[in-house]
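Next, two complexes with chain A in common: one pairs it with chain B, the other with chain C.
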Partner chain A sequence: MEHIQTVFSFSSLLTIIIGTIAGVAVGGMPGLTATMAVGLLVPFTYTMDPTLGLMLLGGIYCGAMYGGSIPAILLNTPGTPAAVATAIEGYPMAKSGRGALALKVSVIASFVGGTFSVLILLLFAPVLAQQALKFGPAETFLLAIMGLAGIISIADENSSLIKAIIAGLIGMIIAVIGTDDMSGSLRYTMGVIELIDGVDFMPALIGLFSMIQMLELAGQKTHKIDTSVLNQTSKKEKLPKGISKYIALGSGTGTVIGVLPGEGATIAAFISYNFSKRISKVKELFGKGNPEGIAAAESGNNGCVGGSLVPTITLGIPGNSVAAALMGAFIIHGMIPGPELFNEYADRTYPFIISMFVANGVFLIVGLTLAPYLARVALVPPAIMVPVVATFAVLGSYALNNAVFDVYVMIVFALGGLIIKRIGFSLEALILGLILGPIAEGGFSQGMIIGHGSPWIFFESTIAKIMWVIIFILLVPPLYSYLKTFVFNKEKNA
Partner chain B sequence: MVISKKTVDRAVLIGLILLAVLLFSSTSEYKGIAQKTSAKYVQFLAVSLGLLSAIQLTYSLWKDRSQTRFVLSGNPLRFAILIVAMILFAMAFEAVGFFIPAAIFIPCIAVALGYTRAIPIILTTIAILAFVYLVFVQLLAVNLPGISF
Partner chain C sequence: MSFIKKIAATMMAAGLATSVYAADYPSKPISVVVPSKAGGSTDRTARLFIDLAEQNNAGFEFVVKNIPGSGGQKGFEAIARAKADGHTIGLNFTPQLVAHIVSGRAKYTLDDFHIMGNVAQDPGIIAVPKDSPIKTMADLAEAAKSGELTVAVNGIGSDDFLAAKSFEAVAGVEFNLLPTKGSTEQKAGVLGGHVDASFMNLSQMIKQHSVGDAHIIAVLTAERDENLSDVATALEQGYDVQMSATRGFVAPAGLDAEIAAKLDGILAEVLASEEFKANAAQGNIFLLPQSGTDYRAYLEGLQAETEKVFEAAPW
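After this line comes the complex of A and B, so read on.
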């Protein structure tokens, strides 16, 4: 009760509101990440009251995770990599005048996912942390494979399965460039110093999603604005029936993946999205604007927020990069992660956790209030939209590493991506390979070394066996259905 | 000269097969236990890429009779202007910073794309620059190159 009173004091509420709104803004801008915002603000919290400082950072974390979905839906520009799956479904909805509904689904799913994960953090943190330690490199590799299984789902009746897999492989090969984490040797850097750390996925993401969109807009013969969008978005469209099932699925998946050290919101969003596609009754709508996909992906990535703090707070092992930055904040305030946080520093730790419930509520209100207005971004003339988004694309690519090289990377990805898009390769599969490739390689290499070169390690543990079953369930039915359609079409054409 | 979609497709697939061969052969230079494990991973990627590209190429040569034209953009001039302007923007970024190139880039592209209303262009440019200055420079302390304020 005392902790709840701390959270609901005026200064705490103000801090949470400022942090969450700032987080939504940061997450909404491609190139600015929650890690960057939290990392930059950690030193500033040093002079603040520790509890308020942590609440501010917690608010930013929650807000940023949601904020990434706004430009993903409206501009096909994911604010964060975790919002890529949201863009796949959200942007087609926005284009067809259902942007407000997409934003509504996104904010509600984010709220439920975030709240559920924080509840789990509050109730079960120490128990879950012990279980997460059983998750080794072999299981990490399998988790990446589960995420990559999404490539099969990306292929549909309009795109070739082989081309989707090739695109995924191209992404994974690009991810190989740079320093080999296992041996420290350089691979395929061609003497370019900027490639030592590899190809950052954020400029690639900006190039493949937002810049391609702008190049296509710039290349259109005529620039007409569909004003019917305005009328349609002003109508209050109700949430689709049965959406709660997908939100629950994403919340659970996101929280579980968040608890695993080193795993992130991106993989959680893709796996949740993939699960939702498997159980959906309207599979054919995926990729064309299905709110079920948004619900699963958004609840999945926000589910990671609370989940990632479980190993961070209880074991001092950050769940992801934002949690690592948050851990820095705990440490500079003299709070060493571990069981003491729940005993000696309970007066700071519990208000911090409870404050994240409030942060989720704040972005829910902000999102629901602003959704109809934000959807009107579709009415901005393309001739204004293109230079503005291109400017932010340049800035966002640069800002992550303060490197002009990344701006060129973004342009190369935009041009190359447009060419392969035109001939039927899936850009979503490419980005999936680029993001999950390093996780897969790290897990594979470490697993092989631990297993003395034997691949048996990937089948040994009970968790690994369960994961293989899930991978089988994710891969086989869509492959079978794809082959069936392929054979059926062949017979029909013959 | 009109290039068909299938020609570009086949050229890309041949390029990918070559890439796969080069990638596979490069792993022979991997030494030591840690690198050898990485080599297995890279070899897997190379074999998969080469094999799938070859299957797709065979399928295209065998089945694809379409003559669809390859169109990168419906308006090549505007498309080219945007690409060149982006490259110039990036080149100017390091030398003169963000704000001056952006102040030129935004109105020029808007005009190039056929928008002629001066006031919205000027207001948008000012709003974007002010936003970047306040959020990126002042609030988030992003170190933008070039002239500082």
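After this line comes the complex of A and C, so read on.
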């Protein structure tokens, strides 16, 4: 009870509101990431009251995860890789003048996913953390495969299956560059020191989405947005029926995946998106602006927020890079993750957790209020939009690691991506391969070492068996239907 | 001469120097290169130092510049390359600083640095899961004879890796070595029982050991650690394996002698202050103050040791 009072004091509320709104802004700008914002602010919170400092960072985390969806929907420029799936459905909606609805679905889904995951964190953290420990490298490999199965779901609407798979492979091949973690040897770094850590996926993301979008916008003769629809429906269009099913699906998936180690949010968003497509009654609308997909993806990535903090504060094993930066803030105040956080430091930990409910509420209000206005961003003429976003893309790429090299990476991906997009390959599949390839590789090689060279380890545990079933469900039905149409077309042609 | 006396002497020397050297130093804020991400332990060490250094020295302003990635190599090169005018200093960490030289990847050598002094260390440890039958170093050597013992180290060429290789040589065994990406994976491996043992650092496991979620069987320093006095060193248990990750300050070589003395003095003064000790203890940073001369000797020794390992098993 007193913890709730701590959260609802004036200074706490103010801190949470500032943190959350700053987070939404950070998540919304290409190149600014929650990891970066939290990392930079950790030393700053050293001089703050510990509880307030943690609330500020928690607000940024919650806000940024939602903020990534705004430019994804409006401009097809996802601010974080976790919002790529949102862009697939959101941007077509914005183009047809339904941007306000897309934003509304996204903020509500984010709110529900975020709140659900924080609730789980509050109630079950220690129990869940023990379960998460059973998840080893072999299971990490399978999780990455589940994420990569998302390539199939991108494929059957946007481009041909073969082309999507090839794009995914190109991403995985690019991810090979860098240090081989198992032997320490360098692969294809060509003596360039910047490549020792491999190709950073953030500049790649900015190049592939923000920059290419701007190049395409600049290349259009006329700027076509159906403004009449926008004006009619901006405030009126109600949430589609049955959307709560997809939000629930995403929230659950996101929270579970968030608890597991690895870059959870991206995987969670794609797996939720993929699930939603499997159960949807209007599969054919996916890729053309289906709010169901946004609902699943956004509740999925926000579900990771609470989930990722479960192993972070109970075991000191951060669920992703933002959680890792947040852990630094706990440590700097002498709060070493472990059971102590829930007894000795309970008066800081619980207010921090409770503050994230407030943070979710804050971005819900902000998002709902601003949705009709934000939707008008789509009306900004390219002459203004292109230079502004392009500038942010360059600055953001540089700011990631204070490195000009990353700007070059961004430009190379923009130019290369533009070419392969024009010949019909999916950029979403490419970025998915680039992000998940290394996770799959790490899990596979570590699994093989732990299994002393026997691949049996990937089938051994109960979790692994369940994951194989899910992978089967995700992969086989779409493959079957693909083959069916393929054979059918062949017969027709013959 | 005891260390405290050395510090006092350096401080006096610095005090004397103040009156003599160029009046325009520092003419701008001093960049502190941190070769890792903001918010990590190296970064925190830098910021704790800056806090007090600015307090103690009117007119000095320090700005952190994070250059993360490639195991610190980018940051180390940036320090070595910087203009030696006293407006750039930086942190180094071992064994990565010398490991990059040994592996032939670095463009710098130790001679490219003015070594200001060491600040902290994170002693190497060997941790096993809580239910593990391995309780001592002898158990570990025995269990490793099969060649099937899975042991996690944080990447190839890291302090953990060097320590594990050193143990293999001393005990005449071979591990099923599992390189991980970051200590988080090691921790998850030990807590979840996916690995049989892990070579890592004290700060990463001290809490888990004290609450019984994992078990530390040996500390890899010459003396027992004061934060963990119930755990015997590897040396005590008959295995001469020593490894510790140190973090110190360096500057580009070729500094004006007076400026160098001033910078060394600022560091020594911060290291001697009670406030710094208290802040470090709270932030899980284990201090090991060393003068520039002593720290250089340590780094040279470490480079020679690392060369031996590299020759036997290059990466």
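Of note:
In this section, the second predicted complex is superposed on the first by the 479 of 494 C-alpha atoms of A that agree within 3 Å, B and C clash if a C-alpha of one lies under 4 Å from a C-alpha of the other, contacts with A are read in each partner's own complex, and residues count from 1 in each chain.
Everything below uses one rule, namely that contacts are C-beta pairs under 8 Å (C-beta built on N, C-alpha and C of every residue); 3 or more make two chains touch, one makes a residue touch a chain.
Quantities reported herein were computed from a predicted structural model and do not represent experimental measurements.
Superposition of the two structures on chain A shows chain C fitting alongside chain B with no clash.
With both structures placed on the common chain, the touch criterion links A:P381 to chain B but leaves chain C unconnected.
Contact with chain C, but none with chain B, is seen for A:V38 once the two complexes are overlaid on the shared chain. In the superposed model, more residues of chain A are touched by B than by the other of chain B and chain C. In the superposed model, A:V322 lies in contact with neither chain B nor chain C.
Touch criterion met: A:N401 reaches chain C, while chain B stays clear of it. After overlaying the two complexes on the shared chain, residue contacts for A:I145 are found with neither chain B nor chain C. By the touch criterion stated above, A:A265 is placed in contact with neither chain B nor chain C.
In the superposed model, A:P137 lies in contact with chain C only, and not with chain B. Of the two partner chains, chain B is the only one touched by A:M172; chain C is not. In the superposition on chain A, A:I450 makes contact with chain C only, not with chain B. Of all C-alpha pairs spanning chain B and chain C in the superposed arrangement, the closest lie 8 Å apart. Once the two complexes are overlaid on chain A, the chain A residues touched by chain B in the first and by chain C in the second are 40, 182-183, 185, 402, 449.
By the touch criterion stated above, chain B contacts chain A in their complex at residues 5, 8-9, 12, 16, 19, 23, 26, 32-35, 37-38, 40-42, 45-46, 48-49, 52-53, 55-56, 59, 70-76, 78-79, 81-83, 86-87, 89-90, 93-94, 98, 102, 105-110, 113-115, 120-121, 124, 128, 132, 135-136, 140-145. Only residues 25-26, 29, 32, 36-37, 40, 160, 162-163, 165-166, 169-170, 172-173, 176, 180, 182-183, 185, 187-188, 211, 214-216, 218-221, 223, 381-384, 386-388, 390-391, 394-395, 398-399, 402, 404, 407-408, 411, 415, 418-420, 422-424, 441, 444-445, 448-449, 453 of chain A touch chain B when the two sit together in their complex. Partner chain C is touched in their complex by these residues of chain A: 38-40, 42-43, 46, 133-137, 181-185, 193-194, 196-197, 261, 311, 315-318, 324-325, 328-329, 331-334, 336-340, 401-402, 442, 446, 449-450, 452.
Chain C contributes residues 37-41, 43-44, 47, 64-71, 73-74, 77, 105, 148, 150, 155-157, 176-181, 184-185, 187-189, 191-195, 204, 206-208, 211, 213, 282-284, 315 to its touches with chain A in the complex.
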